[in-house]
Every structure is written in structure tokens, then in C-alpha cells.
């Protein structure tokens, strides 16, 4: 298991961590298998989406903010960040990517994003590789 | 593969199953690897979120009810539970957690929840461990 | 790794790929393990939901269209398909299913769907099996 540290700079922000995950996979020398990218936080997530045009991340974040507004009057959780917990469950705590020849098998436009929903904070991402039989 | 039975008590409810999944992993004696927690139902899900404060689960469920109302007039599915099917796909049928030393590697505030969206019912959760090479 | 080609026919459409994934698993002869079904596109997804009644897929698609409207005025991404990118992250790029005796272990009503959100297009789905120790 490898731990990456990610510094976020805004309350809501996607950070492209593809090169860092690819580097872990390359160093592990995994010929064939899977790579799990795991977020150990409950107000953040990881997702796979287009990383060629940064406007995509912007548009997804804007849409999520419309769907899940900050500080809704029905909230009970005292920290005032229930929107971030909702987004964490909607996007999910992990993504799984196929590995072949020590390289991530991603689609042409796909990148792996750390999704901050209650930043800015210093965060961690766990990367675990698994060889296929 | 291990099967857990979960009894739910309300139409919408999150149940913390972390101790039961941890027990399966401990008994399996898995040194390093992954643990898949899988929901075989289409009107329920599993998710990872904060389990320290039960208000978090309450707030997420309240937000999901706002986003996906019960018995929307556009529904065609005759069972009247299409909201539960939507929530099942939004949260997902499984979560994957890293295992080290026969213990789940979860973040400080993370727990694993069974998410009932069309209860009360008796449900099942499948737990499968996978050793890393 | 096995690649399936999926031809979609509408902008938003779910296609049941369960028989094709089951065939890959059967041919791989995997006794015990996991099967990853992975979508390498950023305007599509894969999900697990009920495939007995096609009205379920219809209702989920209708609900997603209400939540994430096409061509929202706040969008920046020039391709005009940001709704598809949002749906891709909400549903996720992959599903993971347990395999026993070269068969997928799915719940009674569960099927695996390829979820098109920006079709019609010719798409690919990657299927990777992983043996358990």
C-alpha cells in the first residue's frame, strides 16, 4: 500500500492525481492486475472523468453544488458540512483501474481525480495494487 | 464468500455493518489484500461514510429524499419504488476496502453502511476477501 | 482483459450486458474471484440494477435527466455534454462482481448495464477477471 498526500486549496476542488498513481503502479512493476485508489476521508472522494479540458471538472462541481447546497436548513450534523458527506457517497470512496505492463489502462480522455468537498485541507490517498493470477 | 443478514426497520435507513465486516476479515486471516462488500439487491446499496455522528447518515438520507422523491408522477415501474432503484445506482452496489494484518484499513471517521431504500426488509450482504500477491 | 463493443442508439440509454460479461467469465474458467466491468469513456458509465422490468432503467434515466439537465446555462465545457460527464461520475466507471464456479454471483433481479449518456456511439467495455487466492 502506498500513501499519497494531496494538498487542496478550495472548499470544492478536483485535483488530477493520474501521474502520481501511474508512478506508484510503474514502481510496483505490476505486470497484470488492478490498482485501487482509495480515499480515507468522509468529506472527499475519488472519481474518473475527463482531464483534458479543466472545464469538465468545473461543470461537474457546479452541478453538484446545485444538487447538494451547502448548509441546507434541514441539516442536523453540527459541523455544517453535510453537503460534503452527501457528495462523498454519491461519487464514492474508491476507483479501480486495470493494470497491464505496469501501466494504468485508462480511456483516452480519462484521468483519476481526488475530489475535495470540504477543503482546503491536507488529504491522503491510498493506492493498492493487486496482481491477477 | 461470506453472507451477512441485515434486518432493516424503515423504508430509508443506513445500518453500520463495519464491525460485522471486520469480523469476517479477521476470521479469514487475510494478511494483505482487499475486501469487497457487495449488495445483491436493486433497491439498496452499500457506502462508506462517517459513522461517528449518526446525524451524517440522517442528513445524507434527507438530501437523497429531496433529490429523488418517492412516487414521482413520471414513473412507469409498477412497484412504485423507482426512487429506491435510482438511489441504488447513485450509491452503488459495492465498496472495496484495503486489508492489512487481517484488519480493514479505513479512515478515522469511516464506517461501512448498508443503505436500505425500500424497507423494511430482511437483506443480505456478501463479503469476499482477495489476497494480494 | 477482454474488450466488448457496445453500439448505443440514443443519447441516453442503458444496455443490459449481463449475458456478454457472463460469457467472458465462463470462458475464462475462473473458479473463484472477482470480475471487474470497466467503462473507458467519460460520458458513459456502468451500473448494476434491476433488469427484469425495463421500466426501471427508464425511470432511472428520467430521474437523472431531471437532476442533471442537458445544456445548463452555467456550463463552460464547449462540447455541450457536461450533463453526461456528471452522470458518469455519479454512477461510476466500473462495477465489481463476485465469481464462483465460473459464474457471476448476482442478486436475483440484478443485471449489469452499460449506461450511455452522450450517444449514439460505438463504445467499449473492458472486462478483467481476478482469481482469489
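In order of appearance the chains are A, B and C, and numbering begins at 1 in each one.
Going forward, a residue touches a chain if its C-beta (ideal position, glycine included) is under 8 Å from a C-beta of that chain, and two chains touch if they have at least 3 such contacts.
This is a predicted model, so every value here is computed, not measured.
Colleague: Compare the two sides of the subunit A and subunit B interface and say whether they are made mostly of the same residue numbers, over half shared, or of different ones.
Modeller: different
Colleague: What angle of turn lays subunit A on top of subunit C when you fit their CA atoms, given in steps of 5 degrees?
Modeller: It is a rotation of 120 degrees, to the nearest 5.
Colleague: Taking each chain's centre as the mean position of its Cα atoms, how many Å separate subunit A from subunit B?
Modeller: 19
Colleague: Counting only residues that touch at least two other chains, what does the list for subunit A look like?
Modeller: 33, 67, 90, 92, 96, 130
Colleague: Please give the residue numbers of subunit A that touch subunit B in the complex, ascending.
Modeller: Going by the criterion above, the answer is residues 1, 33, 36, 38-42, 67-68, 72, 74-78, 82-83, 85-86, 88-90, 92-94, 96, 126, 128-131.
Colleague: What residues of subunit C sit close enough to touch subunit B in their complex?
Modeller: 33-34, 47-50, 53, 55-56, 58-60, 62-64, 66-67, 90-92, 95-98, 100, 105-110, 130, 132-133
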